[in-house]
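The structures come next, written out as structure tokens.
In the two assemblies presented below, subunit A is common to both, partnered first by subunit B and then by subunit C.
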Partner chain A sequence: MATLPGAALPEEYVSDVYEMPEQVTLWQDAWRRVRRNKLALAGTTIIAILVLMAVVSVFWTPYPVWKQAVGPTYAGISAQHWLGLDASGRDIFSRIMGGALISLQVGVGTMLIVSAIGIMMGLLAGFYRGALDAAISLAINIWYGIPDLLVVILLVLLFGRSLGNIAFAIAITRWMDMARLVRGQTFALREREFVEAARSTGTRNLVIIFRHIFPNALGPILVQATYAVPQAILFEAFLSYLGLGVPPPTPSWGAMAADGFHALELAPHIVLAPAIALSLTLMAFNFVGDGLRDALDPRMRR
Partner chain B sequence: MTQRTGWKALSGSVLVTLLLAACGSGSTGTSENLAADQTIRFPINDDIGTFDPAHQSALVDFDFAQNIFQGPVKFDNAGKIVPDLLTKLPDVSSDALTYTFHLKQNIKFSNGDPVKADDVLYSWNRAAAAGDAYAGNFSPIVGYDAVSAKVPTSKTLSGLTKTDDYTFVAKLSAPAGWWLSALALGGVSWVIDQKVVTAKGEDTWWTTPDGLVATGPFKMTARVPKASLDFAPVANWWGGSTGAIKKIHVDVIADQASWVTKYEQGGYEIVGYANMSPTAEDILRYQAGTHKAELTLNPSVRSSWVGFSFVKGPFAGDAGKDGRTAFSMAIDRAQMVDVACAKGAQCTPATGGLIAKGLKGYLGDGQDPTSKFDAAAAKALYTKWDPTGSKVKGLKYTYNTSATNKLVAENLQAQWKQNLGVTVALEALDRQTFFSNRDKKTYVLFRHSWSADYDHPQDWFDNLFTCAAGSSGSGYCNKTMDDLVTKADQKPIDQSLNDYISAQKMMIADVVGAPLFYSIQPYLVKPYVKGAGGNAFFDYYWTALKVLQH
Partner chain C sequence: MTRGTLIYIIQRLLLITFTAVAISSIVFIGEHALLPGDAFVSERPHNPRELALLLHHFNLDLPLPQQYQLWVTGVLHGDLGESLVNRGVQITPLLVRELGTSLELGAAALIFTVGVGLTLGLFAALKQNTWVDYVASSTAVVGYSMPSFVIATLLVLVTGKLFYIWTNGAFYYEIGWGKPTQILVPAIALGFPYASIVARLTRASMLEVIRQDYVRTAWAKGLQPRIVIIRHALRNALIPVITILGPLATGILTGVVVIENIFGIPGLGKEFIDSILNRDYNIVIGVFTFYAALVGLVNLGVDLLYPVLDPRIRY
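So, the complex of A and B:
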């Protein structure tokens, strides 16, 4: 209620039952809303299991992921081999665990590289505008026009099929979405009052970018980064399916699916296990991404 | 058999019987019921290497070329040497040093040019001078050393002369009991048309249908490199009937898993020709399925082994012998056969030396001590040889891409890791690159295999294991063994077999390679295709094929 300056409030308005709204930060509010999103929670649980499997696989798997003939080739599900054995007699559950590590490494690694390139490009283009923005926007548009699969295959063939090379190759075909998003956010944020205030106190541009603009753009960035993970995982699986992924005997879900596809009629479990693992992982990251988007977007607030 | 599968089988049988009845006489196999379309289609996984007889070495190329080219003699489908361009088998002098060949007088190339003794002399001299993998087949002829020297002093074999247009003579420097078999194999002994080679170019004449001129019953009608090949019978072939088939179409498809899918959809009549194989999964599926009769598993005279470089890398020379032994003893062949050969349907463990089972020179089951699996002994020997692991740092195993080779490579990698603690990287190459580099002895650790050209140990030693062997890959050279083989080569096989066995034992002592398995050739053939398949050495000639009504 508006009051005249200096005027005392009538006694009836000075209530001791007046309650201040609960003070929550953006992140506390987001977490509260994520918790209400069942799909996001399910996704988080799956990702937690995936991370746990990946971490455990570094130290232990039921059988070494590379070891062949641990039982009869093509053997189905049993107490000894929870997901059966593949065409070379390797334990599929062990390889799914090992594959989880590869998928996470590629997914997270790619996401970090994508974020590093995209955020930097977007912040610079959005903040400085003018010629720099035009140059970066042109680069983004040109990059969009280059077939990503072709670039990745070329890079992998040129530099080898190591995990790092694959993550890098995928990342440099995927940074544009992040750059575009951050550029847009920066455009909007640089006109806000708190940026004006910082500028008026003589704060340097880089400090404004990283201390005032970047933290306020973090929500959409986080959502975009979450979506980048499953994209990279899927791309790595696709490369492995084509035989261009991490070299054997390192397990990759895509390579496992490719091997299993040949034995689809004979032993369908060989292809089903990595396919289901891949699908669950992709769904989980997408659910979490959707949940974060809803939670961090003020317009979604009820 | 469960009750359910029993009913399935019974109902399947009834259905097949009804269908056969409905088709009338459609599958009785007489010449009256040939299908209107006499086309045979089959896939290969990589393009052919070359059709130039002077340079051919891959079995795939031979399986095609034997239908296009001819030489003085050939093997028939039963493996017997018979005259091909000759009126009869050559006359051999009593000292076995002079071979006189009598050509038929009506032979024509597919372009109509007549074939005379000069054509044979041109073809043989050219192949000898080319110095490729099989040039050594002419090594018994007087003058071969002058032609094959690093700096040749002659372009022609002095011991090869023409008597008249249809008679020529080969004088040998020493008796060679194996030589007629080597001629029957073909390749370098096949006859080509000098006029065409000159006109079309020494290196490229064979690459186009109008350049690939020969005397055989089939000719190439189209070729899209890396994609497809087409062949058709030569019209008015000089040799008479070319059989029933009017067209052979070959797809080059790297994905072997797709072959049987296409076969089942009616896209191919055969899978397995040209030394190809359905995948292990397909073989297992057919073995267990209702179309089992379409699958034939044919023991072949082919050995596969791991090759070690004797000229570079950690395995070279005497210093590398313990390493070679350890890497060989660390391989459980039984496991490999189970994993990489469709539970043993495609191969059997190689325990009797590098010369394949069933051939003269085979040592007998379990007679090769280096092929005995002993993980503990292998590990101890390896640790002694390379205590710090520095010798095998960055080691890679190189192979040419195929479904079976990949399975073998991955199994080797797993076994070496498990039994020796050594991580070996895998390098897969296309066939042309792989063979070309292997002949140059480029690789340190590599896939090697050999299909016997004929049943004589000389075929193995002179092509693979002597110092001058063109297909060695390893650069192995043992002068003592060479001398023994040279002497053995000059004797009839019944007198030389023990020498060859002694020579093979020397190779085993030197651990020339790590024997893996002896192959079995699978063929998938539609029931309405007759005359398909092969013997232990090669596919049956296309002239024997026919497609019945179906």
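So, the complex of A and C:
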């Protein structure tokens, strides 16, 4: 409780034992709520393990990811090979580690591109309104009618199957959710008093957009960005499952599952290992997204 | 049907035609500009005369604007040209036949999605915070995070390996298409992630609706529980669910690409991947045209469904 300057309180109201309530910013408050959310914590833990596996796989894996016949083909789970061996006798645990790196790179890369495109489009459409908004909104609506997986496959075919191209192709078909969200936020924020105050002091439009509006929309943007990661990972898995992802011998969970599908009855561990890894990853990101959404905007809780 | 609705439908149909031609034009130009003549590169070497005849047969020897003009004229007459790999195969009838298969699979998946999703969501809401709710809700969370090919794998594993003797092979999945049991497993695999979304939405909106005053009134005047829940509560709880039917149907239509390739179902999605791998670009363009039109038509169908279910909406 701050007292107004000049308005001195009568002596009896001023107490020495009065303490300021602890000041909590939005982000500290959100962090507290996330910590209380068990699912979000579990998700964070899984993501942390995943990142660790991915980083370690750059320097070291139990066996080289590409090396065939490190043991008997189709061998099951054992002490030397934690998740068994695949049809070519490659160590599955090593390949799961390598696949984590690919999935995270595509997921995070796509998320960054989606955010860049979506935030730009959303801020411009929401702030300037009028013809620009109409054009961007029309583009968003047309884009929603495009069969996304087919476009990704075509783009990857036309421009090559590198990791960057895959991330870019997915981002090009998935930027609309972010753009629509940011547009809505900007619409609401641009009418607020602090924007009016900024304008009254002669602040330039670009400064208003990036210094006043953008930081205030950061919460919902963060939630949307978190949801964009599992979507991209899923797309990459679909692509590599169909044999159109990152070319072999680079390990990718989708391709590993596709390889294992042929030997499903003989050696189910080959397909189950990447399938479980993929599902856990997607679940983890979705949990963290849900947790962030609830933490940053308690009114949205469902 | 009022006159306004008719005009609305005609406008939408024109827009769908425009979108389909625009999307496939982009694909056409992209393929011809970025991959010139690539279709015949992978084949055994031709002698120059043969290659020239071949290029002439597919109009590939003409300048690009002229090729495009010929192609657009064809599309507007419903002719998508001839397969580059299987010579003499006309693409339009081929794709129409495959479209039927894909639509059958998609419709089965959509029925599964809506049926299972609504049931799960409804019971989770009615038995909130009991084991029914927890089982239904966690099924939904897990299903949402499982790619269709993972569900397909698990289903094949369960029906084909674990329960094979128990069910006497009734659900054992043989690769192929045509038998009624062969539609079941792919449709479930395709629909399950979307069923989870429907379940989550239904639960949330049902929880909101059953606390409303008019539902309490319905209970208070002694209506049968079945009538209160289905006619009063569920009907209103459905509105948010209907709004995602469009994206849902689009998602299922694109999901068909993956599922058809897993199960070897001869539909549009399998044709798409096969023709991409075969470099049969004419078919790739054709599939895009079909998909763009299909997605547009499905969304139009969903939009026309809104006023039936929610009389407040009018066109």
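Basically, the second predicted complex is superposed on the first by the 278 of 302 C-alpha atoms of A that agree within 3 Å, B and C clash if a C-alpha of one lies under 4 Å from a C-alpha of the other, contacts with A are read in each partner's own complex, and residues count from 1 in each chain.
In this text, a residue touches a chain if its C-beta (ideal position, glycine included) is under 8 Å from a C-beta of that chain, and two chains touch if they have at least 3 such contacts.
Small disclaimer: the values here were computed from a predicted structure and weren't measured.
Asker: Applying the touch criterion given at the start, work out whether A:L158 contacts subunit B, subunit C, both or neither, answering first, second, both or neither.
Answerer: second
Asker: With the two complexes superposed on chain A, say which partner A:S137 touches: subunit B (first), subunit C (second), both, or neither.
Answerer: Touch partners of A:S137: none, neither subunit B nor subunit C.
Asker: Check the residue A:F261 against both partner chains and state whether it touches subunit B (first), subunit C (second), both, or neither.
Answerer: In the superposition, A:F261 contacts both subunit B and subunit C.
Asker: Touch test for A:I146: subunit B only (first), subunit C only (second), both, or neither?
Answerer: second
Asker: Can A:N216 be said to touch subunit B (first), subunit C (second), both, or neither?
Answerer: Neither partner.
Asker: By residue count, which of the two partners contacts subunit A more extensively, subunit B or subunit C?
Answerer: Larger number of subunit A residues touched: C.
Asker: Where does A:W66 make contact in the superposed view: on subunit B (first), on subunit C (second), on both, or on neither?
Answerer: first
Asker: Per the contact definition in the header, classify A:L234: touching subunit B only (first), subunit C only (second), both, or neither.
Answerer: second
Asker: Give one of first, second, both or neither to describe whether A:S88 is in contact with subunit B, with subunit C, with both, or with none.
Answerer: So A:S88 only meets subunit B here.
Asker: Which residues of subunit A are in contact with subunit B in one complex and with subunit C in the other?
Answerer: 261, 265
Asker: Could you list, by residue number, the parts of subunit B that touch subunit A in their complex?
Answerer: On the subunit B side, the touching residues are 257, 279-281, 284-285, 332, 335, 338-340, 343, 403, 407, 410-411, 413-415, 417-418, 425-426.
Asker: Would you tell me which residues of subunit A are touching subunit C in their complex?
Answerer: Checking each residue of subunit A against subunit C gives 142, 144-150, 153-154, 157-159, 230, 234, 237-238, 241-244, 254, 257-258, 261, 264-265, 268, 271-272, 275, 278-279, 282-283, 286, 302.
Asker: Name, in rising order, each residue of subunit A that touches subunit B in their complex.
Answerer: By the definition above, subunit A touches subunit B via 64, 66-69, 73-74, 87-89, 247-249, 261-263, 265-267.
Asker: Quick check on the complex: what are the subunit C residues that touch subunit A?
Answerer: 19, 23, 27, 30-31, 34-35, 141-142, 144-147, 149-150, 153-154, 156-157, 160-161, 204, 247, 250, 253-255, 257-258, 261-262, 272-273, 276-277, 284, 287-288, 291-292, 295-296, 299
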